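Sharing a structure below in structure tokens format, with a few things to ask.
The first chain written gets the first letter, and so on, giving A, B and C; residue counts start at 1 in each chain.
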Amino acid sequence: MGDAGEVSTETLTSGPELRAFLHGLPGVDQVGADERAARLATRSIKTSAKAQAIDLAISMVDLTTLEGADTPGKVRALCAKGAHPDPSDPGVPKVAAICVYPDMVATAAEALAGTGIGIASVATAFPSGRAPMEAKLADTAMAVADGATEIDMVIDRGAFLAGDYLKVHEEIVAVKQACGDAHLKVIFETGELVTYDNVRRASWLAMRAGADFIKTSTGKVAPAATLPVTLVMLEAVRDYREQTGRMVGVKPAGGIRTTKDAVKYLVLVNETAGPDWLTPQWFRLGASSLLNDLLMQRRKLSTGVYSGPDYFTLD
Amino acid sequence: MDFEYAPAPESRSVVDIRPSYGLFVGGEFTGGHGEPFKSIDPSNEETLAEIATADEADVDRAVKAARTAFEKVWGPMPGRERAKYLYRIARIIQERSRELAVLESIDNGKPIRESRDVDLPLVAAHFFYYAGWADKLGHAGFGGDPRPLGVAGQVIPWNFPLLMLAWKIAPALACGNTVVLKPAETTPLTALVFADICRQAELPPGVVNIVTGAGETGRLLVGHPGIDKIAFTGSTEVGKQIARTVAGTGKRVTLELGGKAANVVFDDAPLDQAVEGIVNGIFFNQGHVCCAGSRLLVQESVAEELLARLKARMATLRVGDPLDKNTDVGAINSAEQLAKIRELSQAGEAEGAGRWSPPCELPQRGFWFAPTLFTGVAQSHRIAREEIFGPVLSVLTFRTPAEAVEKANNTPFGLSAGVWTEKGSRILWMAERLRAGVVWANTFNKFDPASPFGGYKESGFGREGGRHGLEAYLDV
Amino acid sequence: MSDRLSVRKTYKLFIGGAFPRSESGRSYVVNDGKGRFLANASQASRKDVRDAVGAARKAFGGWSGRTAYNRGQILYRVAEMLEGRRAQFVDELHATGLAKPAASDEVDRAVDRWVWYAGWADKVGAVAGSANPVSGPFFNFSTPEPTGVVGVVAPDSPLLGLVSVVAPVIATGNTAVVVASEPAPLAAITLAEVLATSDLPGGVVNLLTGRRAELAPWLASHMDVNAIDLAGVAAEDVRELEVAAAENLKRVLPPGISDWSAEPGTARLTAFLETKTVWHPVGV
């Protein structure tokens, strides 16, 4: 994400101009996109490729806890897990980031000090985004002040669906500014945007407003991440780089629970945006229970026998 | 980072290829009296089995067996009983689908992903669909009690061996006909397993007869006086020969022949899906598809952008071992077909079109051709007019909808066409004007037993699939 | 009255809405039932076939592009004009040897047949088309469409037979090049006059008189003819014409009907239709 800070958000267009631009993007045929995603999901990733994919997936996990019942103890446990996912095997890579609510950032920052693991905080009145702008910015600024290196903001879906793209744009720009050096992930909540045309428009809107990452979902709305939605977003970041030279990352989040799921996402990245995105710098998987399944499959590959949940920590 | 997919071969252990195969006549496997031939694996040129050739006497035997079965058993049988036999066959196909898919890929060279996910599900679906018609023919719009024609002689191609068998046999049997079917000489194996399936289903002897051999066997079958109906899928050239052969005989004929489909992309198309549709249109089954979208007609205003995306997408196509589950493009079916593809591609270059293929390592042995596109193609080029029947796309441009229609229709063929635009009224406007039997709008190469398929003009006549497909096998 | 010298009609060809003589300048004698001279009919040549096919092709786009309702209206208008010329047709058939009551009956049946086919224009799509329940997120529908230019070798039934082969071809949007009955061509030209004065666009029906044996092979082999109706072809000539027709895979309707007064059914109506199936995804 190195150059993200230098990128100027594009000259703010007027509402009608922004609208004309977004509505001028090529449409997405839902059936065709679903078909393409489903077909890529039939890729058979075996043996050495699977081993490679599992380690890559582990390193891309934004290990997440976003519960009302979160406590410092819970967050510390998660941080420990993220740094050493499988205590019995030091060869297992650490995760990309730990993702928590803003009030848990300080705890996480302390627990993760020196690990190189990112501290991601949701912000802007997550998950609904229904709060005054001042509150959203304060939310962001405080998380950053407490040590967040990544901010996962939600867009105002109401404004988006009402066609007030300029408002969404301005919010992203403002939050980006509040992020300072922290990287900004923009969550669309695609389950509420519903159509792939909207997902494509939201992707371009966010990228033009300065997003470092675009992210599917909060995990609080069903459906959360899906393969076709992620496909559309990957096409968007691919095309955006083509046009501007700037890379934007993608993060599907929510509903990714198995190794099989994770591998499908990696195939999607590989064959859509391309191998440049196959790094934790540009692709993340927002998940919680996924990590243990990845570890279990990793064990199966290395030992040749199926493992069981008792051999992996529940954190 | 590079993400290399490790080899993921489908197991061959589900198939048991015998060293030699005979004909299937009157419910028995029997020898043939012609010179036997070999069926090879086009991905490595290894011999798979030796196959009997039916000579004149063998064909005669098969036609007689079919006639007897028609008169004594199948013709008089109530439709509901015929239906149950067809349902049985459909179920057995599902049960043996992996075996059939692997065998199809070995014999044909097509990727296992396609034989597994496209061919075999459609084969079973076709039998299920027509099974249900067998006792409802009086409701199909052809009169209260439409009668079968008798014995159908059916000759099928090598591009979708088992699927074309299903398209031929299922409606024929549902309508009360019996059949003598000749599979293509390069892909006879799944038809012979199908013969075994007929036995497992306890289909009465003689209802289905399979005669193997090359073109000569086909000629004998088509010219046999005991045949009431001829159904052929293959080249336009052979289709014309057949039409001449049966001239004046009163035999009923349906022909599914060649094509040179235009896939028309407007500047407001859903571009990423259009790219997928173009790829699926021409690289599906190595382009060995009569309805392949072999002419890309792209609106000039979006041509550059579309081609860039198309090339990037083509670069991700995985060409190689048909049995690898990740293979997108398999082997060319035969040396002969490969030579034809090469010859026409060279003609394209010689005529001045720009040839492009993604970097692509092809196996040393076997018959292979990299996915290829030609830009700057003119309507007058051979590669814009002749059916290549391979993974070769000719790209042309147009400026207005009327020009797109004019170019799309400017061919003696008329099997299929594609239209890509987000504008509904334009889709219908185009669909009305395209002279083709199948128009895929915002999709391509979709097939379904309920959907009639067949061509205009020199792409043949008659329809297969759906209620319309019954007409080919009823005396109406 | 009997002293008055009658004004005879010149029987010409009907091509592209006009009445030219044969480019060959030839004509042949048509006799009445007793072998007496009745008229000279144009004897069309292969070039007249060529011109007629050209006219039919030119008319195809417009005719097939009209709404089915409009085609039905125009055909019904033709029936009205036929009815208005009943007496003329009866006289003409009578002159060729048919007894008055039989001639009258044939004309009645011909008009009624035309009305029957006129009504089909906007119904055949519903009867021959379908929405197909495919297994997937697609809307899939099949519609019958006209095959194109249809060559028609008309039977010898001079009016009822002619109407029975021409009406179904054009009702569905095809255009026609018709070779009239060789021994009884006069009613065909009178029918052409009816067509010319109705609202039928020029070129939709083109009528040639002349030698069947000379004209039919040119029609059967013409590469811009999409289909051919061999209704008036003798059994022994079918094979050769079918061989010629194979060159561009014409749809061929073989001869077989001798009693044109029988209920026609829909066979001729659907013989020159192509089924077009359109797929479109269903999504949001």
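Just so we're on the same page, a residue touches a chain if its C-beta (ideal position, glycine included) is under 8 Å from a C-beta of that chain, and two chains touch if they have at least 3 such contacts.
Going by UniProt, the chains are A = Deoxyribose-phosphate aldolase; B = Putative aldehyde dehydrogenase AldA; C = NAD/NADP-dependent betaine aldehyde dehydrogenase.
Remember, predicted model here, so these are calculated numbers, not experimental data.
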Centre-most chain [mean C-alpha coordinates]: B
Pair with more cross-chain C-beta pairs in contact, given A-B and B-C: B-C
Chain located farthest away, centre of subunit B as origin (C-alpha): A
Distance from subunit C to subunit A - Cα centre to Cα centre, in angstrom: 69
CA centroid of subunit A to CA centroid of subunit B, Å: 44
Rounded Å distance between subunit B and subunit C, as computed from the means of their C-alpha atoms: 37
For subunit B, residues contacting two or more additional chains: 442-443
Where subunit C touches two or more other chains at once, by residue number: 138, 281
Per-residue multi-chain contacts in subunit A, two or more chains: 29, 31-32
Contacting residues of subunit A [partner subunit C, same complex]: 29-32, 34, 194-195
Complex interface listing, subunit C residues touching subunit A: 137-138, 281-284
Touching residues (chain side subunit A, partner subunit B) in the complex: 26-29, 31-33, 35-36, 42-50, 52-53, 56, 235, 266-267, 270-271, 275, 278-279
Contact set on subunit B toward subunit C in their complex: 125, 141, 236, 239-240, 243-244, 246-250, 255, 257, 412, 427, 431-432, 436-443, 446, 448, 450-454, 456-458, 460-461, 463, 466-468, 476
Residues on subunit C engaged by subunit B in the complex (per definition of touch): 65, 127, 130, 132-136, 138, 140, 142, 147, 226, 238-243, 245-249, 251, 254, 267, 274-281
